[in-house]
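Let me begin by presenting the structure, written as C-alpha cells, before commenting on it.
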Amino acid sequence: MIVIMQKGATEGQIGSVVARIEGSGYRVNISQGEERTVIGIIGDGRPLDREQIGRMDGVERTVPILRPFKLASREMHPQDTVVAVNGVSIGGEQIVVMAGPCSIESREQLLESARAVKEAGATVLRGGAYKPRTSPYSFQGLGEEGLKLLAEARQETGLPVVTEVMEPQLVELVSEYADILQVGARNMQNYALLHAVGEAHKPVLLKRGMMSTIEELLMAAEYILSHDNGDVILCERGIRTFELYTRFTVDISAVPLLKQLSHLPVVVDPSHGTGKWELVEPVSRAAVAAGADGLLVEVHPHPEKALSDGAQSLKPGRFADLMKSLAPLAQAVGRRM
Amino acid sequence: MIVIMQKGATEGQIGSVVARIEGSGYRVNISQGEERTVIGIIGDGRPLDREQIGRMDGVERTVPILRPFKLASREMHPQDTVVAVNGVSIGGEQIVVMAGPCSIESREQLLESARAVKEAGATVLRGGAYKPRTSPYSFQGLGEEGLKLLAEARQETGLPVVTEVMEPQLVELVSEYADILQVGARNMQNYALLHAVGEAHKPVLLKRGMMSTIEELLMAAEYILSHDNGDVILCERGIRTFELYTRFTVDISAVPLLKQLSHLPVVVDPSHGTGKWELVEPVSRAAVAAGADGLLVEVHPHPEKALSDGAQSLKPGRFADLMKSLAPLAQAVGRRM
Amino acid sequence: MIVIMQKGATEGQIGSVVARIEGSGYRVNISQGEERTVIGIIGDGRPLDREQIGRMDGVERTVPILRPFKLASREMHPQDTVVAVNGVSIGGEQIVVMAGPCSIESREQLLESARAVKEAGATVLRGGAYKPRTSPYSFQGLGEEGLKLLAEARQETGLPVVTEVMEPQLVELVSEYADILQVGARNMQNYALLHAVGEAHKPVLLKRGMMSTIEELLMAAEYILSHDNGDVILCERGIRTFELYTRFTVDISAVPLLKQLSHLPVVVDPSHGTGKWELVEPVSRAAVAAGADGLLVEVHPHPEKALSDGAQSLKPGRFADLMKSLAPLAQAVGRRM
Amino acid sequence: MIVIMQKGATEGQIGSVVARIEGSGYRVNISQGEERTVIGIIGDGRPLDREQIGRMDGVERTVPILRPFKLASREMHPQDTVVAVNGVSIGGEQIVVMAGPCSIESREQLLESARAVKEAGATVLRGGAYKPRTSPYSFQGLGEEGLKLLAEARQETGLPVVTEVMEPQLVELVSEYADILQVGARNMQNYALLHAVGEAHKPVLLKRGMMSTIEELLMAAEYILSHDNGDVILCERGIRTFELYTRFTVDISAVPLLKQLSHLPVVVDPSHGTGKWELVEPVSRAAVAAGADGLLVEVHPHPEKALSDGAQSLKPGRFADLMKSLAPLAQAVGRRM
C-alpha cells in the first residue's frame, strides 16, 4: 500500500501515519515530493486496514499495490483449473455447452429439451427448478419436483446437470440432485449462500452480478475458494448499462481478462446476456472466439409457451445450427467442441 | 397490454394472437395502421404472460399499460403509510434520523455512539451486527453478540434499533433484538430473504440495490407486502454509475418519484450513497429538501479506527452540527426534526 | 507520479524506467517491497507522459499524485470565482435563477415567457436559438432570428440572456446577442468549440456531458480557462444511468464536490436533469440545499405546444410557486434569492 | 404512435387529444379498457410531435410504433450497403482492417507503421492528424502537416487513408487528403459536423459515442444520410460503464444488432474499446465472429514512446500475428481477410 499525504500535511500527521504502520510490523519508505509526501509500506506485518489509514488526519488517499483476490488469482495459481464433472472437463481443450430450458415446466418439456440438446452435442443439461423472479406474481419454479425431473433427464441422457440454488438452506437438497450448483447473478454477493456452496462438495457455476465489476466477481469466487471448494466456474452474463436494445450488455472483454487474472474456467451466457434469441448465435460465436471455455444457452422446444425468458430461448433446430456453426470456429482458435 | 405486430405480419399470425388473447377471457381492439397492426387487450381475463405473447410469430413487441407493482402503488393505496416503531413515526410530519456506527465493534464504541446520536436528536439507533463484506478476509461483524449490545444500547437510550439481516435463517434471531429489520442493497433481490422478512412481524427497511431501478425496488417491496407485512420503508442509498469521485451516485430524483408512485415512507442514506463524510451534510440537506421522510447516517466516535466504512462516518460533533443545520431546512419544507 | 513495477520486473527494466525519469530532470525514490518495486518521481522536470511510462517493459501501472486540472482547481485559486453579468453576480450570496423556454419559437412565446419569469423573480433569461436535436427531422431552432428576439426580450425586461452556441463559427455571432454563452452537454468535449468560447469575451455556462465524469467536466473548463476566459459557470444537468423513470439522473453530490474541488460557480438544471416537470420543484430545492449557486429552469407559457422538451417545462404559475418555495430554503442555508 | 390516457382521464381530455390528432390529418382508433383509454393513430398525416401529445392534459404517456431512423434502416433499404474506397470494399465479403498509429507523430513513425500494416495485410491506413484530448496540455496532433504525411504514406503504400475531422471548418481541408473522414466518439452528436460531412463527397466512418445508444448512433448516421451522403460506416468502439479494468466496455451485441437494424457496414475498434493491447487480439476475434465487416486497430512501432494511447497499441509483430489468427476465423464465419 502507498499512502499519499495531503498538500500541507504536518510533520506530526506524517509521524502518526508512520507510527501506525510501523506499529503493525512494517517498514516505511518516505518520498518527499515538491507538493506531497508519499509513504510506501514495505514488508510483512499484521493485516493493515487501508480504509482506516485513509481516514487518518493529513492523509489524502491510499493506493493498493496488490489485487485483493488471492486464491482466485493466476499469480498464486498459474496453471488453468479444469473442473471435472461426471466425465466432462470444463476449462480444458473442449468448449463445453450447457443447454436447456430456463425453467423446468413439466416432465415432457424437460425431457424433450434434454434429448434435443444432447443430440445437437451439448455436454451439460441446464434447467431451473428454483427461479428468481422480479415479480412475486410470476412463476417461481417447480422446486424439488423440478430437481427430480432433472435427475430423470440425466438418467436418460447421461448429461450432467446444472441448476440454480437460491438459499443456503437448500444447498444440501439441491446437491443431492445437481452435478453443478449455479449461483445466480442476483446472488453473487449473497455471502451466506457463497459460504454454503463453498462447503458443498460440488462444482459451482458463479454468475457475475449485473452490477458487479470483474474484481467483485473474483472476490465472490474467493469466498467460495476460501471455504475449500476449488471447483468454481465463472460466468459472464451481461452487465447493466444504459443501452436498451438488449436486456444486458455482454462484456466480451471480461472473457480474456478473467482468463488473464484468474486460473478458473470462464463461460458466457448469451441468452440472458442479450435477452434476444436472434443475438444468441452471433454472441456465442464471439464468446468462443474471445477464448471462453464454454457457453450457457437456453433452449426450449416451444419458446412461445415458456413460463420464463422465452424471448431469449432457441428452438432445438436453431440450437443444432448454432452447434454446427461453432465447430469450425472452435477449431480456428485451437479448441474443439 | 398492447401487441404491436411486425410489418408484414400475416392474417394467420394476427389471428393466432387474437385467439390466444380471447382464449384467456379478454376482448381485443384491432387497429390496422399503414405499416403495422396493433392489438389492444381489453377486459379482465386470466393472467396473461406478456413475454409469451411477445414470442409468438409475427409479434414485434408488446407494451405494458399498467405498472407491475400493486400493493406498493399509490394508485391502490392513496394515503401515506406511516410506520410506527416504539413511539417513532416514520413517514409522518417528522423527519426521522437513524444514526450510529456502520459495524458494531465493541460495547464501548456502540454505547458511546448511541449516547452521542441520542443527544444530538437522532430518533433511531443503527448498527450492524452482521456485515456484508466484499472480501472474505474483512471483519464480518460480531453476530449475536452485536445484537445483544444493540439491545443494551436501546435499553439505556430508549432509541429503537435498526440492524441488517442477511439470511432467511437469521430473521427470527434478529427479530428478537431489532425493532426494524434492514435488507441491504446486495440483498434487495434475495427473494428467500424478502419472503422471510415479509413473514416477520417487524417493520422492514429495504435498501435499493446499487444497480436496481426504481421499479425493481418497488417490486422487491411488493414481495414483502404480498407476504402480509405492510411496514416497509424504502431507502435510496446511491446507484452505481461511471462517476468515481463518489462511491455511488445518490439518485435524488428517486425521492419525489417514489413518494409519487408509492405510499411507503422514503429515507436516504447519504453515508453509503457518497462514501465521503464531507458530502454527508450537503446530501442530507438535499434529501430533506427533496421530500425524504428520514435519513440513515453513519456516526462513529473514532472513524479513523472504524472496522468498516469509516471514510463515510461523521464524528459525533459533526453529526450534532448536521442535526442543527437540518432544523431550519425541515421547517422550510413544512416538516420538523 | 508513482510507478508500480510488475512482480518479477528485472533490474534492467527498473533501470530503464529510472533512466527515463531522471533523463527528464526528476529524481526518483525507489521502494523495494516483498513483491513489487515502487518508484516515486520527485522534483520539477520536463512534462512526463504518464501513459508512456506505463507502457515501458516491466511496468504494471502508474498512479497520478496530482489532479490533472490546475486553473479550475481550488488549490490553485482558493477564493470563489464570482461571475458578473450585467449586474447579476453568479457564485455570490444570491441564488441565481436562469429561466425561460427550451427553444425560442416565436416573438409572443418568448416575450410572454420573459415577462413571466422576470415577474416571478428570475434574474437571467434563457432560451435556445440553435437546438441540438437527436433527429434531423426535428425543429432545429430559429437561428439568428431567435437571437434577435432574445435581444428584444432583454431590452424589454432588463434580464441578461444565456443561449447555446453549437459551433465555433457561430461564437462571434452569438456573442453579439448573448450575455452568457452556453456550451451544451453534447458539446462538452467539442474542443474546437471550447477553444472558441475560451477566446470570446463572454461568460460561459458549461454543461456537464451526460456521460462525463466530474474530472472531465473540470478538464473541459480547463480548456476554456487556459484560453484566458476565467468566467466559467459549471452546470450539473444529469448523467446517463440505467434508471429510466427519469430522463437522466441528477448527480446531486456533484454540487458540493465541484464546490470543493473548484472555485467556479455551480448551477443545476433540474429540467433537463429529470425530464419531468413534476420533479423540477423538488430537485430544485435539493440543489439549493446542496449548495448550488443557481438553477436553470425551463418555463413555457404552453408546454403542451412546445416544439422541444415541453414535458419538462413549468407553466408560469408553477414557476412562480417554485420561486416562492425556494426563498425560505435559501435562507435556511445562508443564501438569498 | 399510441397514446395511453391516465386512469380517470375525462371525456373532454380524450376529445382534445383526438381533435389534435385528427386535425393533423390522421384517423384514430379508440380502445376503452377497464382502467385506461388507449388511442391509436392511423394513416399518413402531417408530422406529429410525440412529445407535444405527451404533455396534453390527461395523457399518461405515448408509445412510438416506428423506429425514428429511416434512411439508415434496413426496412427501407434491405440490401447491404457496400462502401467503395479506392478499390477497397467495406461491407462486402472481405473483412477490412484499418490499422496505424493513434496520432501521427513524425514522418518516420507514420511510414514505418504504414509499411508494417500493409505488409501484414491491412487494407486501410489510419492515423490522427487532429486529436481530441481530454487535457488542453496534451499533444493535440500535427494538423495539416500530419495530413500531408498521410498522403505521402498512401502514395508509398497504396493504402487508402482514414483520419479524424473535428470541426466543420476543417472538413474541406481534411477531404483534400483523406479517403475516409472519421467522426470521433466525442463528436457523434456534434450536429454541425454531421451536417458538414454529410455534404462532403467522401465516405464517413462514424464512431459511436461512449454515452450513446444504438438508436442514437443510427440517428447520427441519419443526419449524414439525410444530407445526401450515403457512404456511412458505423463503428462500435466501446461504451462507458462502471467496469474499470477496461477503459470502455465493447458492446459486442451491437454488431449483429446494427447489422439487423441497418444496411450500413459495421466495424469495431478494439483498441479504444478496451484500452489494453493484450485485449486487442481476443476482442478482434470476437468482433469478426460476431459479424463485423472490419476492424480499426492501433499499431505503433514503439508504443512506449507513443504520444497518445500507446497502452492500447500493438507492435507490428503482434499485429501481424493478429492478422494471421484472423484468417481461419474469417473463413469459419464465411468471410475472408
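Note that the chains take the letters A, B, C and D in the order they are written out, and that residue 1 is the start of every chain.
We adopt the following convention: a residue touches a chain if its C-beta (ideal position, glycine included) is under 8 Å from a C-beta of that chain, and two chains touch if they have at least 3 such contacts.
Small disclaimer: the values here were computed from a predicted structure and weren't measured.
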item	value
Chain pair with more C-beta contacts, B-D versus C-D	C-D
Maximum centroid distance from chain C, chain identifier (CA atoms)	A
Inter-chain centre distance, chain B versus chain C - centres from mean C-alpha coordinates, in Å	31
Chain centre separation (chain C, chain D; CA means) in Å	26
Mean-CA-position distance for chain D and chain B (Å)	39
Junction residues of chain C, two or more chains touched	211, 240-242, 244
Touching residues (chain side chain C, partner chain A) in the complex	2, 4, 7, 29, 31-36, 38, 40-44, 63, 65-66, 75, 240-242, 244
For the chain D and chain C complex, residues of the former touching the latter	47, 49, 51-52, 54-57, 68, 132-137, 140, 166-169, 186-187, 189-193, 209-211, 216, 219, 222-223, 226, 240, 303-311
Residue numbers on chain C that touch chain B, as the complex places them	211, 213-215, 239, 241-246, 249-257, 260-261, 273-274, 278-279, 282-283, 285-291, 325, 328-329, 331-333
